[in-house]
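For reference, chains read A, B and C in written order, and residue numbers begin at 1 within each chain.
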Amino acid sequence: MNRHFELELESLKTILIKMGSVVEENVNNALQALLEHETGLAHKVIENETRINSLEIEIDNAIIDLLALQQPVASDLRFIIAAQKINNDLERIGDHAVNIAESDLNLLKIKPLDSMLEIPKMVVTIKLMLHQALDSFILVDPKMAQTVLETDDQIDNLNRSMATEVIELLKSDKKTIECGLELIRISRNLERIADIATNIAEEVIFYAQARVVKHHAEEKR
Amino acid sequence: MIKKRNIIGALVVGITGMASFAVVASIVVIMVNIIAGGMDTFSISFLTESPKEGMTEGGIYPAIIGTFLRVIIMTLVGVPIGAVTAVYLSEYASSKSKFAQMIRFAVNTLAGVPAIVFGLFGLGFFVQFVGQGMDYALEGGSGLRWAQPNLLWASLTMALLTLPVVIVSVEEAIRAVPRELREASLALGGTKWQTIRKVVIPNSFTGVLTGGILAISRGAGEVAPILFTGAAYFLPHLPASLSDQFMELGYHIYIMATQSADVEATSGIQYATTMVLLFCTFSLNFIAVVLRYKMRKKMH
Amino acid sequence: MENGQIRIQVKSLNLWYGEKQALENISLDILTNQVTALIGPSGCGKSTFLRALNRMNDLIENVRTEGEVLFEGINIYDKSVDAVELRKKVGMIFQKSNPFPKSIYENVAYGPKIYGIRDKKSLDEIVEKSLRQAALWDEVKDDLSKSGLSISGGQQQRLCIARALAVDPEVILMDEPASALDPIATSKIEELIFELKKQYTIVIVTHNMQQAARVSDYTAFFYMGELVEYDITRKIFTTPSIKHTEEYVTGRFG
């Protein structure tokens, strides 16, 4: 019916997808840099952050215009609200990717450990989670979003075992203290990325099915 | 309080109902009276024969034709002049124009002038002034052709009488054309005249027609203006030219009732003639009502 | 304000109805192929301003105009300018759809016919093209001989738009074109406006602020005969510069 408005919604979605792919690329680069000790990639991640920031502002403005000029309702309104939150989420994921990249660079300055402990496992899962979260948004697929929610527990467990493992490590060898702290920091950032990917999945479910799944809101009701 | 209000309400319904009933009842009484009096005399031959035996027998054929001719000429003259005046007044004249105000004043005054005065005016102006002038101009003053009552002068006098009715009803019809339609035409780059010709007139046409018919039916029933300007007591033949006198239905009734040799003997003819005249007038009014209804339907 | 090609330039326009001043010193540029919305409370002068752009106010007695309205570089209030010629280029759509009580075909062909186009084939082409442009062709193509009054209100308004397009104007003035229509018919008109602005310059008066927000590129806020603020629509509805405008668009007064 209202084709003009639909075109504008479509272009909001397109730019948000673009934002998502830039962020995902940054996360992947940061993680690759981490696993393969690539300084170049880590620097690239840090440089790319400005691009993410300007995209965030662009999306913010588009959302304000749509709200002010088109008075969206129902699924259109849910989409725009979800888009606003996802925009915010992606920007934060971008920040965490930068944090990881900085830690990468720190790790390279000191002597890294032979083992990254649980981190390689976390990386695999998080890449998948983030990708699925973004795909569920692009395809409006609440089922896929649901699997993201379910994977989050794995990351939490891995993060917890990371902590104990690093403590063990520190107890055994005091020289590893700097390296251990960086690893904790990285693990923490990864855990945050997973959390935010979960948030994105929750927004997709809100937009697609008008269900509020965050904070176990449905179970409480 | 409620009771009092109810009583007033009932009273209002009663009084207005009675008044309406009185109107309808008097029409019915008149109609019944006329039909009862005229039915015996009325026949097809009454419509197709001339009066006979010193107008105590026979039909009213010449009077019907005379009335018909008079109405036609009156309409051909009065309606176009009236319609054009109405277009000028409603479309072109500004409300502040002195000229337009003068026309309006003249129209209103004309509407209030008694019919007999029109008759006298017709006699003085058309017959004695214009008619004599024409005789001088055409025949050097020797003959007497136009300077006497005839069909033309009677019809023109009638046209004058109906002019205010035509002007007022046509103006009303033109005003009823929604402003939006005129604006639509003007906004498309139509000129004022194009707008009047293609939008205003077509959309007020039924209104103009209704006005014309009402004016005709008003004119058809009038007798006074033709008393001195063209109606004849009795003529054995039909009018052959505009300068001939003619018989006329209304006038026929008048003379039968007042100047007939035997008023009692002709009462049947009088009733039947009245019946014919009323039938004609009612038909015209009926057509006007139908047209007006159609116009309303078209507008909404 | 963004740069664009100016189609109509209004300079210090003043207008009086008798003694009462209805427009005070209005200056504003209307840009080509843009939709300019005029908003403001009733009696603020927005409709008067709109009708000043094709001299429809001429039809009202006692109207006096001062200042300039430049269209194609010429002040349309110059003595030498023929309002009839002007209105061919600056068309108008009214609040109440006003098709003539004629067939759909005759409605659209009215303008071309009064300009002297008689050729049946050219008229057919113009009628079809205009009805297509007004997104009405598919709905009426099989009964072009039906009365223009027999179709729905929304279709009638689109018929009026087709009729205005048939004379190939450059600017289309719309005076609350959707105020009498239901939401579906309204959004069809709004959709149409997006299509039309590719070819025409549109000025629209609307009481419906959301409509102004949705359809226009520029918005002018009028109050008491004065132009309070004129800016990009996005700006007017997100960060107006003048408090008065903010109060009006947020519904706090007026």
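The rule is short, and it goes like this: a residue touches a chain if its C-beta (ideal position, glycine included) is under 8 Å from a C-beta of that chain, and two chains touch if they have at least 3 such contacts.
This one's a predicted model, so the numbers in the text were calculated from it and none came from an experiment.
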Steps needed, at fewest, to go from chain A to chain B via touching chains: 2
Chain ID, smallest distance between chain and overall C-alpha centroids: C
Distance between the centres, which are taken as Cα means, of chain B and chain A, whole angstrom: 93
Centroid spacing, where centroids are CA-atom means, of chain A and chain C in whole angstrom: 49
Chain A-facing residues of chain C, complex: 184, 187, 190-191, 194, 210, 213-214, 233-234, 237-238
Residues of chain A touching chain C in the complex: 1-5, 64-65, 68-71
Chain B residues touching chain C - in the complex, by the definition given at the top: 94-96, 178, 180-181, 183-191, 194, 198-199, 203, 298-299
Residue ranges of chain C touching chain B (in the complex, touch as defined): 54, 56, 59, 61, 84-85, 87-88, 91-92, 94, 96, 98-101, 110-111, 114-115, 160, 163-164, 167
